[in-house]
Amino acid sequence: MPISLSSHGSHAAVAADGHALLDRYRAVRATSVALAAPLSPEDAMVQSMPDASPAKWHLAHTTWFFERFVLAQRPDHRAIDPAWDTLFNSYYNSVGPMHPRPQRGLLSRPELAQVLDYRTRVDASIEALLQAGDGDDALLQRIVLGTHHEQQHQELLLTDIKHALWCNPLRPGYRDDLPTRAGLSVPLRWSSTDEHLAEIGAATWPAAADFAFDNESPRHRTLVPAHALASRPVSNAEFRAFIDDGGYRNHDLWLSDGWATVAAQGWSRPLYWDDGLEREFTLGGMRDIDPHAPVCHLSYFEANAFARWAGARLPSEMEWEAQAAGKPVGGNLLADCRLDDRRPDNGKHEGYFLDECALHPQGSMDAFAPLQQLFGDVWEWTSSAYSPYPGFRPMPGALGEYNGKFMSGQWVLRGGSCATPRRHVRASYRNFFHPPDRWQFSGLRLAKDLP
Amino acid sequence: MPISLSSHGSHAAVAADGHALLDRYRAVRATSVALAAPLSPEDAMVQSMPDASPAKWHLAHTTWFFERFVLAQRPDHRAIDPAWDTLFNSYYNSVGPMHPRPQRGLLSRPELAQVLDYRTRVDASIEALLQAGDGDDALLQRIVLGTHHEQQHQELLLTDIKHALWCNPLRPGYRDDLPTRAGLSVPLRWSSTDEHLAEIGAATWPAAADFAFDNESPRHRTLVPAHALASRPVSNAEFRAFIDDGGYRNHDLWLSDGWATVAAQGWSRPLYWDDGLEREFTLGGMRDIDPHAPVCHLSYFEANAFARWAGARLPSEMEWEAQAAGKPVGGNLLADCRLDDRRPDNGKHEGYFLDECALHPQGSMDAFAPLQQLFGDVWEWTSSAYSPYPGFRPMPGALGEYNGKFMSGQWVLRGGSCATPRRHVRASYRNFFHPPDRWQFSGLRLAKDLP
Amino acid sequence: MPISLSSHGSHAAVAADGHALLDRYRAVRATSVALAAPLSPEDAMVQSMPDASPAKWHLAHTTWFFERFVLAQRPDHRAIDPAWDTLFNSYYNSVGPMHPRPQRGLLSRPELAQVLDYRTRVDASIEALLQAGDGDDALLQRIVLGTHHEQQHQELLLTDIKHALWCNPLRPGYRDDLPTRAGLSVPLRWSSTDEHLAEIGAATWPAAADFAFDNESPRHRTLVPAHALASRPVSNAEFRAFIDDGGYRNHDLWLSDGWATVAAQGWSRPLYWDDGLEREFTLGGMRDIDPHAPVCHLSYFEANAFARWAGARLPSEMEWEAQAAGKPVGGNLLADCRLDDRRPDNGKHEGYFLDECALHPQGSMDAFAPLQQLFGDVWEWTSSAYSPYPGFRPMPGALGEYNGKFMSGQWVLRGGSCATPRRHVRASYRNFFHPPDRWQFSGLRLAKDLP
Amino acid sequence: MPISLSSHGSHAAVAADGHALLDRYRAVRATSVALAAPLSPEDAMVQSMPDASPAKWHLAHTTWFFERFVLAQRPDHRAIDPAWDTLFNSYYNSVGPMHPRPQRGLLSRPELAQVLDYRTRVDASIEALLQAGDGDDALLQRIVLGTHHEQQHQELLLTDIKHALWCNPLRPGYRDDLPTRAGLSVPLRWSSTDEHLAEIGAATWPAAADFAFDNESPRHRTLVPAHALASRPVSNAEFRAFIDDGGYRNHDLWLSDGWATVAAQGWSRPLYWDDGLEREFTLGGMRDIDPHAPVCHLSYFEANAFARWAGARLPSEMEWEAQAAGKPVGGNLLADCRLDDRRPDNGKHEGYFLDECALHPQGSMDAFAPLQQLFGDVWEWTSSAYSPYPGFRPMPGALGEYNGKFMSGQWVLRGGSCATPRRHVRASYRNFFHPPDRWQFSGLRLAKDLP
């Protein structure tokens, strides 16, 4: 398995990146701990629904990933606690049994402090391995993969804890020091494109140097139809107009499954809006809704219904990527965790701190940019079902369970959100969720056909 | 609503087809009655699961479609029974409330005889309308649509009654006079195609003369990647090898949702196979499995897992259509209902009879044809999620609920089956079902990437 | 097994009753057929919920009981159709597998005509056996038991078909020739009793000559507390006052499980009342509610809540029986099926006809009787959980599964209803249903403590 | 409401007990804290199933009871946190809305430390009230009731945390210092009683001086039939024989609902036994099963099936109480929390400590006692459905929701367990659970009919 994974890689190239990888590893690992820092042991244990996981589980599972797929590949490895193998496996059937997902919130043991200690011990081993330079390409690639995997869980940790705290009638915030800022009223404009052949997707990693998940590959030609893409995401004010126009009560606007979901769940507004439609729950607690900020926490069904109501449609993921390709990644994303020598030592991750970030979608401050907020703020639902690209090959072995086996019944989202780590997302990045899911930072951008 | 539906149609063209439409109407309507003829009133009432409907309901609903969307458009129409409007509406929210789908099997009234009488009365009105030539284009188009709608229900009537009878431990057959024939052992060959731009889909009806459902339009360019398509569907013998190799117990082969379904449902073989894997339930009762006939009654999950096991994949619907386009529609389909002057009068539908047909997939008799059984025998699961084509527009008004609102969570099947009316299917035809569905005549054809 | 069943019986006594048993057998069997006569084959197949069964199934199961427990005990018996053994077994684990109860409505085969023919064939064998006098006591006792078993199913046939027809939005009646009659306004009076030791229950059959189910035995002493029993059942007008007073919205009145059921089911009135509270569904179709007739189709939860609202309580089954003991069985019950020589031959059951009966609860015509309507009209919920009497012994063998194994989670009802055969009920008779069940003819009579 | 509650009480009597009540209050409150002391904040938050509650919730809810029903009755009371009223209400519809029971485990806030602080604050107010002697009888009675209520929750805290820790595959113990002791092999003997009139139940509190819950009253005569009661509970060895004899696979032994539960849940042994039948989970972690200790963690269904297998039956609650009445309460119960001047100060509850206790059923050390272990070790399932006694009156107002509204679908258990506070249980005490419940310390004692 390791052989085939590294078969196209270049040892020289990876070795040259040894230091870069160590830096990346440390920053990513420090970020997870920083994100969990505002949480009490009790907060870190809540699992509010089967789709979500406790923060403690995220901290442990991402660590288990390095232990199981990197450290345990070495003959001299001794499991830190063999019983944890079952507890912190997520869905890798190949590597053994799993604790049932809906029962992750029952795991009072190991305690949060033990999990943090587990992180420290695995970090020490991985860092030693990197510093010694004695990992083969396959192991180094797995470490690279592990850091990207952990960044995914950083966003989930935030969306899961947001949902968990919202389930508490006290509506406690995750942090009370998050910056806020009101956006401008930015008119919606359209960016048009003629029909053309485009190349989308990422070259296959690790044969190619730049990391990409297997589901982004191979890079391939596609025919992009003539279309126009909206200059910015749909705003809260626009979505409020949809509600006020009876959008949630007009079956003509909805997919059949969506209409059934609206009825079964009693939906009448985005997930975290209160019933007065003026305030919403955020990671900073209850706040007034900014009318100019992108609307957020919508299901695919709601995004699709809104687009129909607006006389438009969702963009396909090919349309989205063709327009985003080449644009720099930036915007309202999860800030970087950086080393700062001036900062006092703070223990395990001394010297690391998280740049200030909003952890909530924000309205634009630029009324004239032709195509903005592609990255950050909200994930944008596309009209594309999550399917393999032509020529798709899953990663070999257990890691092949990473992406490909979920290619049924989900829809692609693009662009990242205010909770996506800045160095994690890219134009070819494919996120995917089920059509009724609303607890991610998910919104939409409109598109329309051109004749 | 009628105006926009007919806006691109040509009155002259439709009028010229007046006689052809009357012939088509009569043949289609006679076919439904002929298909129900072997059923007792009790058989015609069974609903074995929420997804299926009683035969009596199919007979009534297809008639209601003509009453509601054709006859009721005329100012002088008086409802045959206003209460039936609710009973026989399927899912048209726009035209009023519906009897809950899972409770269709509770409708002992109206009795089968009343439903057959209902058919006769509506037929008389429609035929009079057609003979008088006083329908405008919109009405004539709705009659055209109604006949295609009814043909869809003919196949459902057969698949639903097959499931209903199978649920009875007595395993009674639908008919005991169905012809059987063993197929040859036909080696699998591959038909290769280079990457190319193709036009797929159907021109939009009724602007275009030839009927197609709205989901087949508009006709549009697509980029077909280099690939090879198998010369015939996967056979029972090949699927048996998958079972014998532990296919149902190897999670590596399955999509995550598929693996969960296998566990939850206890699947270990195609729907109608018995546990000895030698016999299967057919519309003619229990029979030996023909190893050379196409495997049938597979879910998408099983088709996908088989393809992975075989080192191949499912074709996309574009690949399938690009290869099928231009080939004549023929094969093991539901035979035509025809007028035969030599036959004695048989009451309501005097002179009509169904050509002999197998109502079960059959193995090929041609060991050398390069690409065969594209039409008939089994619907072929594709790798394409059921989504709108670029530029898709649903039909206006209530009829717009026909196809578009189901474009979520389903997969496209192509080619028709042994239960699909011969004059109903075409190369651009898109059928769609949920991934766990197995009660349709669904199988698969392999494809593979070419470098 | 047969030996022990008959061990205390007297052959002479049973033999002397040979003719009486033949008469009883014929009358009971004719009654079932007469009750099914108004039903079409389709009506006879509806199963509207798992708790109910199709009329055809009742006809077949009661016949199977005689075949399985009488005819099949004889060495020369050949099963009429071995496959039916599974289809028509209800819950006798000891005698083999069962068709799943919720799927009884899927059995289009055997057809109703075949089931009626099955009845004829079994009747011929049983009647021959009785006429020949060659059954031992055990067999004769099983025939006796079979007739009482069949009478239970006669009531279920009526309550099940009532529910089935009500599920059809057309609200068709079971018969349109049922007699109706308005009751008088009868003031409620109380019948008081001092604390005393009473003997209740029935002597154990077949040791005792008179038939009683095993759950009615043994006869035993009990201490009846001082109490008062209402002179008649609660009326529709009285229950309407409970509704008008907000009874369904006041949690103080309800058991915890009852309050949860009210919320989950959205209950606001008795099962068959329409939302205007003026009309109700009956076996004769929709009718005006008679304010003076006993309220009917209540769950235990509703009966209990009403009693609390009224400042009273439900009687215990001991209190009820102590007051009913010795009173003649009569009133608005299911009429007898009798032989009438003057009637023309009507085929299988020539000469039998059902006396006229209302098949709906009726108000009293006697304003002064101190304790009336104990039998007939509505089953009366008691405050007694369905439990074994001290010294209870189930019948031996498979027949022991008849009653005892249901002694958990149900409540006792007493007195019979308008759908209970007149010769079936008695003072010691214990009916039992789950607390949310409402589709039986179930009402209540109030009781109260005396100091 | 307070008036009627105290209407029969004697002010003098209560006042005389002022000091005793203060002592009782302090001891009970200290016990709860002592029971929670071994738990981490995370342990205290687990809710393993809807029927169970987190330890933190028990600590808070019992405190809320005093705040809501005692302190809030006084005009000058200001809620400690008004939002908590909803969080910590259990099922008192009368006093306002409730946080949904299955979501108690989501409440990471308030934190455990805040809940402990809440306890301290309420304790200060209650103790001040008691010391000042300015509560009227009604308030004092509510304090008495609150202490008994809290003792119930002490047992639930232990059974709930046992289940919670067992759900963790690590199987952590609650404490690792619990004493263990093997029992003797004690032959089963029978204690016979003739039919007789007995008085059972407790005199109605607070009219009577001794506390009893409303469901134990009024004291009343009952007829106890002739019967024999086993000298001790059924042992693990005896239950193992039932398993080895195929008890879980023999439908003849089971109630119908029980058999369905066995199938649905896959039961094959008591709740906490492992699949080798040699070891069991205890509050002290995994341990060898003591064959002579009482079998524990059985459902009513299992107790009933065992009794049938043993050729016996369960005792009625009247039989149990008639034999237990007058016997001293003692045995393996939850030890007292006592004040000890010699102990060092331990903060909030200085000077209190829990006597040593086993927290697990133990075998008897007395092979000759005629009737032993009536109190403690395991709750004993009886054959009595949980119903009101003749003349039962619930407590007035909101407190009337305490017991009476659960009188449907549950069975009575008697005698207390190893987790029941010693000063909480008595001969007339009625515990009640649903028939499939197994997470309480529930076992059985056999009875049999005498002729």
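In order of appearance the chains are A, B, C and D, and numbering begins at 1 in each one.
Definition applied: a contact is a pair of C-beta atoms (placed from the backbone, for glycine too) under 8 Å apart; a residue touches a chain by one contact, two chains touch by 3 or more.
As the structure is a computational prediction, the values presented were derived from the model and not from experiment.
Among the remaining chains, not one touches subunit B and also subunit C. For subunit C, the chain with the farthest CA centroid is A. Inter-chain centre distance (subunit A to subunit C, centres taken as mean C-alpha positions): 61 Å. Centre to centre, using the average C-alpha position, subunit C and subunit D are separated by 40 Å. Centre-to-centre separation of subunit A and subunit D, using mean CA positions: 47 Å.
Looking at subunit D, one finds that none of its residues touch two or more other chains. Contact residues of subunit A toward subunit B in the complex are 91, 93-94, 195, 197, 220-223, 225, 227, 251-252, 254-259, 300-301, 304, 313, 316, 383-385, 387-388, 390-391, 400, 405-409, 435, 449.
The residues of subunit B lying in touch with subunit C in their complex are 40-43, 45-46, 48, 83, 86-87, 99, 103, 105-112, 164-165, 167-170, 172.
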